[in-house]
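In the two complexes that follow, chain A is the common piece, with chain B as its partner first and chain C second.
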Partner chain A sequence: MRQNISQPLDQNDLQKISSSKAHEDQLQRQLIDTRCRNIVTAFFSASLVWLLSGSALAIAASIKLHSPDFLTQSDWLTFGRVRPAHLNTMAYGWVSGASIGVGLWIMSRLTRVPLSKSPWLWAAFFLWNIGITVGTIGILRGDSTSIEWLEFPGYTAPFLLGAFAIAMFEIIRMMNKRPPGHVYISQWYILAAFCWFPWLYATAVILLVWFPVQAPAMPPINWWFAHNALGLWFTPVSLAAAYYLIPKVVGKPIHSYYLSMIGFWSLGFFYAWNGMHHLIGGPFPAWLISASIAASIMMLVPVITVAINHHMTMKGSFHYLKSSPTLRFVVFAAVSYTLVSVQGSSAAIRPLNQITHFTHYTIGHAHLGMYAFVTMMLFGAMYYIMPRLWNREWPSAFLIRSHFWLCALGVALMTFALSIGGWIQGWELNKAEKGFMEILEITLPYLQARSLSGGILTLAHLMFTLSFLLLIFGWSPRGGTPTLLEANTPFRRTQ
Partner chain B sequence: MIAATLVLLVLVGITGSALIAFWWAADTGQFKNPEDASKSIFDRDESIGKPTDHFPGRSS
Partner chain C sequence: MNDKQRYISVWIGFLTTFATAWFGLVILPIFNLGQFTDEVQHAKIPKEKATLIDLGRDSYVSNGCIYCHSQQVRPSYAGSDMKYFWGDRRTMPTDYINDKVALLGTMRTGPDLSNIGVRQPSIDWHLTHLYNPQITSQGSVMPPYDFLFRKQKIVGVSSPNALKLSGEYSPPEGYEVVPKREALALVQYLLSLQKSKNPLPDPQSNGPS
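Then we have the complex of A and B:
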């Protein structure tokens, strides 16, 4: 660049160096995205198939709650089968599949290490989806274990564990090969989530399904697993996405890195003890339940730190909500995280739990967590990731807007209906003189609202799937700088 | 009883793994210069101050 090395660099030289280094960064990102393209798209595509299947099962299960004669001709369509099939296809097929894709991409971007070329990740993809297929068919044909969140028959666990072990080793490999320096907060969350979940799942499957322990010990293990699946698997991946996407989209570092670290470490220390609050009032050692209630209240520490951090990072940048599809979904999810966590901590307090336990309130809470928080975060992440993997724009702003508003409306309706209906149900159930059928009738309008919200959400999922398919099959504008394109020509096929 | 002990061991194990990771993080300077860490996600061409997402057909 310069003939004489001792001569100081002028403005022109500095510009050339800066531009060449910027180009280097761009090339590095392109290499990472190219290596991620097929496998991450495969995980996303399969997860969307499970999302649509899970939605159909959800509607069937929901309608049966207020119209019990609906689809009763075949035993495989009875409530006891479609409801767990819905839960498991959503939790493992949709959320976990998409989380693996999001986790692999973010980790690759942050470590600046491209994904491995070996076929192992493809083996993980096939094992995972074979496991979900076999498990769902197993539940529908009557092989459910009847253990909540673990209804897949025992013979599916080797598929899921094998797939997860491969994904975990890939995450560890990327961490190991990263250049020296700081580990960003999203990396901490992803590394922890990919190591914690196989551990949780293997322990639960061994103790509950393969070599079942004595019956009185099963509920604590069951709820230890089920609650930790949410807090130590779905939550960390979603928070990792939020901590990566919010700063990247608005072009501003997170407000306080200290707070983000407090949030991560307090989640790691407190969350594992939370699950027993599902057993309040049950025949279990009082100290176990009390420790869990205390840990549930302590969860306010990570939740408040995350809420402050996200809000303060967004402060002054809220106008980007109008222009960024990713940010809309991610901010909606981040706010929902605060709401669901505060709601969860409060429901662990004994007097409140006496009302809400064994009611639709808990189902509303679960949907606030798994949909308004986790699913919306995954949608937001996919809106950011897919154009970068395929170097193409999303096909239509209309489809994105419709998807967002239908999701927001659907999940708000579901959460309000089930929370209010569940509260009334719990209140009435505590009255000894009230008949069960009488209480059931009071809940009917709320259950009908739940079915309506399920229909709205399914329509949103169909719109997103259409967008997704149009993008990967090339019916959208192509550009070198994804999501910053001028062209406004939806449904134009590109090569 | 055996199962409860096993679950307790796993609980302690998970918390213990978090403690080990915490010790490693402190030992390798992960808690120093946090402001630098918060900027590590930005590249030279996707730098601070540059938003990176828009609806299709709309650039800033």
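Then we have the complex of A and C:
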């Protein structure tokens, strides 16, 4: 049944060969995967390069925070440049690049429309990665805007906007060409995310960087953008992956279609209003801040809905966690989504925000979201997608297992260290009994623990990169039997 | 509803959920906070000094001081900022109208700088602190910004603006450390941060607030 992957099929071949519905479906999937193979692999590979560069920048920034004399010879490597370079390579190079790949593939699978053959998607790939390269160098040479989550200098934005516009049109094209019938929840999430992000990014770049508004109006726009980049771009793509992958691996439909709809619309409605909880106590009208605090608490609606829906789908299938690499990463990520969202809602409440605002607690929260949720979800998706694109299996269960446990250990250490250290820092600053320097000293061991966790995570990334390269270059088993974490579990490959 | 109608209504949903927040958090603040005229009279700064302050702000922005230092004082009900003498009143929107970027910050690894020009008015202190924070603030985790300084051979008499360094921090015999223009500008910018001294807008006026 399996065709040689090196001979792509086209529509004519398909019609000739098709004899049964199942056979036709399988050929259609092969056509989709063949069309996706090069471009999606390119997005994934580039995103892994950014993941590794971002890790190096992260370790440098983290060490500098407890050992200020580390790497001070050049202005290119001063803390205030390395830190935003880390954030932007991770947020745009790694997470966004990988998300574009995951979004294109899932959309193509669900609409049953093969990816366009036109060179435009390659233009998007090159524009995107040239943009990230130019932006990162820009920050390091001193062109950072110091607008958080938007530090890339203004001359980077045309690259990123151009690339994203192409990706958006491809997603819309696939949606429009799909055969009539049921639309799956992941499609709503991906379609919305790919349309919301260009609007977000264009608004922020125009009003903050290209034609800046008066300074007092900048922070609300800044945090509307920064929080929605998380909430209306990273989050929906990752949730789309969870909604696609969990039912696929466990072989059951999602628990409730209606719950998933409530989750989707309440996410769009409430998340969009969240950003101002980063500005509590700042020089802004009270209504602006209060609206965001209320919306932050209302985020419990989509979060609990999604959590129930995922949990009920998983119910009775938890034993697959022992064997399926994809499921293990995805479930870890889905649980983290619930945790990070509840933590975020609570930190928006004024008395708690008074303590956690301006401390490492927020940084811990950001890593719980961007790493334990989004990054783990993207790893899970890649574990599922790559073998299907290449018709090859992952080279080694040992590499996957170590990747998982190093990630889990690293991000747990980071989150605990920063949450506890940040809480103590905020608690003491709020009491204002100890001197500022004295409180700084208390936080140092937690910052050192964070550097250690950075090292652990980097090791995990190297393991994954090795697996990824072995798979692409063919030093891994050919299709048939998937690489499982526990080989003796009965498991059948689903398409 | 047929397939196409449902598809269109979903599109309308995407746009309205997003557009309401866009209107509330982007457009309204521009009208609310982005249209101050200079009815609030800030102290006039001589042009030459203003240029230097602008250059200093650029340095503050490009070197990412914002990642450890905030520039906002919360009211006493929302934080203990005033107990650390970071300002004697909360900061107001009008305190930022002369800034190109509002550098409010979200992190306090270091202290708030809204009023650093009032709290520490010494140019020498700031220069020494930037050159190596350990000299003035033992135990600080602020990195040294020695790339803003030049180590040069003393020719004849030493330069008037050479840093007065002693002990382990002093340069080798016959050398001196002098600040580059960027360092002087950055210090002028820091000294200009006196947000509590800005006049408050007239509460009776009809202008934006």
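The working rule: the second predicted complex is superposed on the first by the 459 of 495 C-alpha atoms of A that agree within 3 Å, B and C clash if a C-alpha of one lies under 4 Å from a C-alpha of the other, contacts with A are read in each partner's own complex, and residues count from 1 in each chain.
In this section, a contact is a pair of C-beta atoms (placed from the backbone, for glycine too) under 8 Å apart; a residue touches a chain by one contact, two chains touch by 3 or more.
As the structure is a prediction and not an experimental result, all values here were calculated from the model.
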Combined model on chain A where chain B meets chain C, clash or fit: clash
Chain B versus chain C as contact partner of A:P247, first or second or both or neither: first
Which of chain B and chain C A:Q354 touches, first, second, both or neither: second
First (chain B), second (chain C), both or neither touched by A:G422: neither
Partner chain in contact with A:P236 - chain B first, chain C second, else both or neither: neither
Touching partner for A:A22 - first (chain B), second (chain C), both, neither: first
First (chain B), second (chain C), both or neither touched by A:T145: second
Which superposed partner A:S476 touches (first chain B, second chain C, both, neither): first
Touched partner set for A:W273, first chain B, second chain C, both or neither: both
Which of chain B and chain C A:A217 touches, first, second, both or neither: both
Stretch of chain C, among 5-13, 77-85, 167-175 or 185-193, that runs into chain B once the two complexes are superposed: 5-13
Chain B/chain C common contact set on chain A: 181, 183, 192, 195-196, 199, 203, 207, 213-214, 217-218, 220-221, 224, 232, 265, 268-269, 272-273
Residue numbers on chain B that touch chain A, as the complex places them: 1-4, 6-7, 10-11, 13-15, 17-18, 21-22, 25, 30-31, 33-60
Residue ranges of chain A in contact with chain C within the complex: 64-66, 68-69, 72-75, 78-81, 83-84, 142-148, 175, 180-181, 183, 188, 191-192, 195-196, 199, 203, 207, 212-221, 224, 228, 232, 265, 268-269, 272-273, 275-276, 278-285, 288, 291-292, 350, 354, 357-359, 362-363, 429-432, 436-437, 440-441, 444
Partner chain A, residues of chain C touching it in the complex: 3, 6-7, 10, 13-14, 17-18, 20-22, 24-26, 28-30, 32-36, 60-68, 70, 72, 74-75, 78-80, 83-84, 90-109, 111, 133, 137, 139-147, 209
Interface residues, chain A side, partner chain B - complex: 18, 21-26, 28-29, 110, 181-186, 192, 195-196, 199, 203, 207, 213-214, 217-218, 220-221, 224, 232, 244, 247-254, 256-258, 260-261, 265, 268-269, 272-273, 320, 323-327, 383-384, 393-397, 400-401, 476-477, 483-490
